[in-house]
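In the two complexes below, subunit A is the common chain; its partner is subunit B in one and subunit C in the other.
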Partner chain A sequence: MATQHSRSAARIMMAPAVFLLLVWMLVPLCMTLWFSVRDYRPLRGGDNGFVGLDNFVRFVSSNSFWPSIMTTLIIVGGVLLISICLGVLLAILLDQPMWGQGVVRILVIAPFFVMPTVSALVWKNMFMDPVNGVFSYIWRFFGADPVVWLSEMPVFSIVMIVSWQWLPFATLILLTAIQSLDSEQLEAAEMDGASPIARFAFITLPHLSRAITIVILIQTIFLLAVFAEIFVTTGGAFGTRTLTYLIYQRVLESQNVGLGSAGGVYAIILANIVAIFLMRIVGKNLDK
Partner chain B sequence: MARAVTNNRKALNTALAWLVGLMIFFPILWTILTSFKTEADAIANPPVLFFFDWTLENYREVMERSNYARFLSNSILIAGGSTILGLIIAVPAAWSMAFVPSNRTKDILLWMLSTKMLPAVGVLYPIYLLCIQLGVLDNRFALVVILMLINLPIIVWMLYTYFKEIPGEILEAARMDGAGLKEEILYVLTPMAVPGIASTMLLNFILAWNEAFWTLNLTSVDAAPLTAFIASYSSPEGLFFAKLSAASTMAIAPILILGWFSQKQLVRGLTFGAVK
Partner chain C sequence: MSLKRALGATTALAICAAGTAAFADAHSATITIATVNNGDMVRMQGYTDQFTAETGIAVEWVTLEENVLRQRVTTDITTNGGQFDIMTIGMYEAPIWGSNGWLVPLDGLSEEYNADDILPAMRGGLSHDGTLYAAPFYGESSMVMYRTDLMEAAGLEMPDAPTWEFIREAAAAMTDRENDINGICLRGKPGWGEGGAFITAMSNSFGARWFDMDWQAQFDTQPWLDTLTFYNDMMQESGPSGFATNGFTENLNLFNQGLCGMWIDATVAASFVTNPDDSTVADSVGFALAPDNGLGVRSNWLWAWALAVPAGTQQQAEAIQFIEWATGTGYIELVAENEGWANVPPGARTSLYENPNYIEVPFAQMTLDSILSADPNNSTVEESPYVGIQFAAIPEFAGIATEVSQEFSAFYAGQQTVEEALANAQAITNEAMEAAGYQ
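Coming up: the complex of A and B.
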């Protein structure tokens, strides 16, 4: 039984975490909101006063806004599609009886632990380099002209790099979910003459739906913020500027903090739409 | 009962899985192998996989060229410091939420998680400005605090789910047997909480180690960790495949090994126990 005494002790124990997170959330958020309605350029005259919703309008109507939204959607959507589809296949494969399952599993999840800056550099130089990259050897081996990946198909290249990093995460979560599937159900279906495809579509896939939703939501939050991969490979050139990167350029490169902050507010709204769905799912889980 | 599987099918699964596994692992394997090659071997055409003159020259040169030890110690300090500080703040919070729940516990937990959704780029400039004002730009302690705050919701959640699983009956049984508060904490609760705390530590260390956005933007020289060390190799003049590989291997090896140990906890930590 929780007594009055233990309740107040609990409040004191929780206070530092709650207080710090509150400050961490409110202070930068308020500052961002404040900057977003001002014409603030640190290197050109500093704070030039209140401009209302000007920055918001200018951010949306700039030439780079819609392309950046498109790029963001292509990168997030592409990586999600690849990591979910391949992730399901991989999870099913890894769930089969085999020799050395533990080792294969370690091989498959390894990319998730590689820091984004390293993976971007390794892919950019050692694989996608048009002269000495591994891909160019393969292309030449088959008599084809090597592709200049990062300038000829830059967005696809970034999707490839980011997918490589996130496929392991999807696989790991989906594999964990698949292992909790009752094998008797599958066997019964097999006895009743259900084809492998029918068993997959009517038993495995529905069982995985919750895990897939979680992978989609968590990855989306992280993928919306992809930064290092673009920073290291193209620096936002060749149409690889995502919303995150566009804001970064406005704030730090062109030092237009007001405009960038307005973009930041859009990014916060976008992330929160995703977050609301995530919270629903996680919240439901808490009740159990 | 698992059904009997023919050895043929098992062999086929094994071959296919190993093929796919090696394909996914290949970029890492290739990087590690290249780090032991001479620069000439690294760009040899056709590429050599294993049969080259193995050398440690690249590692020596990377160590000489940049102060690897300082980047490494910054990484360890920042990732370790933020993890420990995070635990100091999160353990009591998660503890009280798990053992003295109130009507608002669930709301507080969800609210904490919601702070994780704040896109870093949206609040970068305010933090940057605060760091300048406080004179802590490129400062290790500032990064310790920032990374701690970024990961705090995850630490609290993970600890909460672990603590929730400690059965209350055990405590009652200990009390019946005459254990005082001190014995209770020391001999009953701590041994049961330690595994959860340890895996939370591991996961947070990994997340903080690999964090690139804040470390790249808020450090330059003094506090730069390995993420920044590696980014310095992105300039064309630093472009030597073997050296880049050696540097990459040095940056990822510690965390790769830690990651393999914590794969189970990773699922739990990152999905907040929603996938079992």
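Coming up: the complex of A and C.
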């Protein structure tokens, strides 16, 4: 038991770190809020005064706003779908005893440690390039016309790149969950004559549901902010402009900090809605 | 959320930068230069030691990719960040920044530097109200580079000043899909400095313009429809697959691999495609002026990468000393001596084109002719309110043109029709121009 004294000592010791974290978080947030109600355009004389909610109205009424929200949702949804479906399969596979298990697991997890910019460059130049890419060789080997991935299926290409990066994360969490599954339960079901599919659907999957919600929660938060993959591959063209990318375009390419900050506030709201929504689901799941 | 992080990161960077600046002050004579990662600039970094040896001024380089450089220096100058003593900027930024008072005027350059030697077109493009704000390191226009062997095999002869009709016919004649030979390679990549620059310069020769005299966007006019339709039809017939994502670098690689019959792009590319170390077709490249449509305007652009001194620097004298060294005739001779005349930075000085050694270089005359035929003050067939050929020198242009070129690239990739692309471009441009207070 901590005494009153030692607890207050702990608080004092923690204070600098907490203060630093708060400043780190609050200062940018407040600046974003401040800029979002001002006409701040560096190339036009800087801060041109208070404009109320103009930036917010303008950001939403722009032609690019709703498409960008749709793209964001498609990319987040697509990556979640792929990483969870394949993640469950991979987790089950990796759970099987096999020779060189440790090495295989490390290799499967490796993509998670590759920087987003690097992986996007590798995918763009070494896999998806229509002239020199690996995919174009495979396509030509089978006599097909190579696909120009980044302009013909741009959103799918980005979903693929991002999924490749996030699949290991999903696999890792799901694998740990599977390892905690009681093998006697499975054996009992097998003896009762349950088919492998039934065993998967009625024992493994329900057991994994909590892990899956956690994967969805954490990945969604990070996937809403996907940027490097889009910047490196399509530069926001061909309908791959997400909300994050639109904000970047407004702030840096158009040099309109006020408008972009208003977009930033929308992004904060969107992320919080998603987070609250998901937290509820997770909470419910944990209550069970 | 992301912005929050971006701002956080910026703060962190700023703190680091402040730390470095304090450190640099202790060694007074160190200048920091932000530059672009192209061949000539990288080459210059190799000779920096020579400058340091001559003057005792140490030089630190921050080398970045073009778009990133533009954003970094723009952010730095608009926030008075003071990270750089010299910035590499282009013809687009120089007049805008100069008029905002962000750059040190370069009117006190030394006698031996001979500022009058700078090509008039370059000087004009880098000045505002007659004051020079950036010294050109090299200048470029664009021109046709073509394979003389393929041209001959197709039974055609390239005139010095071709028309678009001829280019299209020649491209179709040279295309050999069996062997992956594309008649023509052009930029289609989104981005105002990539495909955007090319299509804007091309549209000038079709009689199109970005804005009318009331700053209304002009994408609903016939010349733009003609430009895009002609470009796309030609590229579908004779261009490489995936041309909608090809920019300068991609096309350079294709041309050097011998996969392009023609390539219309920056004149500086001439020294790369004729360099046997990099190019498999170095001995069979010919040059011609960029094509036109008989309307009196050719489709070549004008650009310079130039060195400028931001107004907030503490080391103005040292910075100007470096600029005189790097953009003077002495540097050109230094490079010529070590790497041959074909590799000197072209397009900046009149005296270079009067030099008997240089004029023997195969592409020198065509480069000069291209530069001389470009006029940033008179770039469109109908009158336009802006200065610039492949851009309009207003602060909003880069943002608008990037989005517009994305719409165009989506059309090249078959994701929308030409009418949709132009309607979107029109909406984007008018929206932004209205927000900026032009309309």
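Operating definition for what follows: the second predicted complex is superposed on the first by the 276 of 288 C-alpha atoms of A that agree within 3 Å, B and C clash if a C-alpha of one lies under 4 Å from a C-alpha of the other, contacts with A are read in each partner's own complex, and residues count from 1 in each chain.
The criterion applied here is as follows: contacts are C-beta pairs under 8 Å (C-beta built on N, C-alpha and C of every residue); 3 or more make two chains touch, one makes a residue touch a chain.
The structure displayed is predicted, hence computed values, not measured ones.
In the overlay built on the shared chain, the residue A:197 is in contact with neither subunit B nor subunit C.
Once chain A of one complex is fitted onto chain A of the other, the partner contacts of A:211 are limited to subunit B, with no touch recorded for subunit C.
When the two structures are aligned on the shared chain, A:25 is found in touch with subunit B and with subunit C.
In the superposition on chain A, A:176 makes contact with subunit B only, not with subunit C. Contact with subunit B, but none with subunit C, is seen for A:100 once the two complexes are overlaid on the shared chain.
In the superposed model, A:225 makes contact with both subunit B and subunit C. Of the two partner chains, subunit B and subunit C are each touched by A:268.
Subunit A is touched at more residues by one of its partners, and among subunit B and subunit C that partner is B. When both complexes are overlaid on chain A, the residue A:58 reaches subunit C alone and has no touch with subunit B.
Across the superposed pair, subunit B and subunit C both touch subunit A at residues 24-25, 27-29, 31-32, 224-225, 227, 244, 247-248, 251-252, 260-261, 263-264, 267-268, 271. If you check the complex, the residues on subunit B that touch subunit A are 2-3, 5, 9-10, 13-14, 16-18, 20-22, 24-25, 27-28, 30-31, 34, 43, 45-47, 89-90, 92-93, 95-97, 99-102, 106, 108-110, 112-130, 149, 152-153, 156, 206, 209-210, 212-213, 216-217, 226-227, 230-231, 233-234, 239, 241, 244-245, 248, 251-252, 255-256, 258-260, 263, 266-267, 270-276. The part of subunit C that touches subunit A in the complex is made up of residues 1-8, 11, 71, 74-75, 78-79, 96, 100, 180, 189-191, 240-242, 244-245, 254, 259, 395-396, 398-400, 402-403, 405-406, 409-410, 412-415, 424, 427-428, 431-432, 435-436.
For subunit A in complex with subunit B, the residues that touch the partner chain are 2, 6-7, 9-11, 13-14, 16-18, 20-21, 24-25, 27-29, 31-32, 35, 90, 93-94, 96-101, 103-119, 121-127, 132, 134, 137, 141, 164, 167-169, 172-173, 176-177, 180, 183, 187, 210-211, 214, 218, 221, 224-225, 227-228, 231-232, 244, 247-248, 251-252, 257, 260-261, 263-265, 267-268, 270-272, 274-275, 278-279, 281-283, 285-286. Those residues of subunit A whose C-beta lies close enough to touch subunit C in the complex are 24-25, 27-29, 31-32, 41-46, 58, 62-64, 129-131, 145-146, 148, 150-152, 224-225, 227, 234-239, 241, 244, 247-256, 259-261, 263-264, 267-268, 271.
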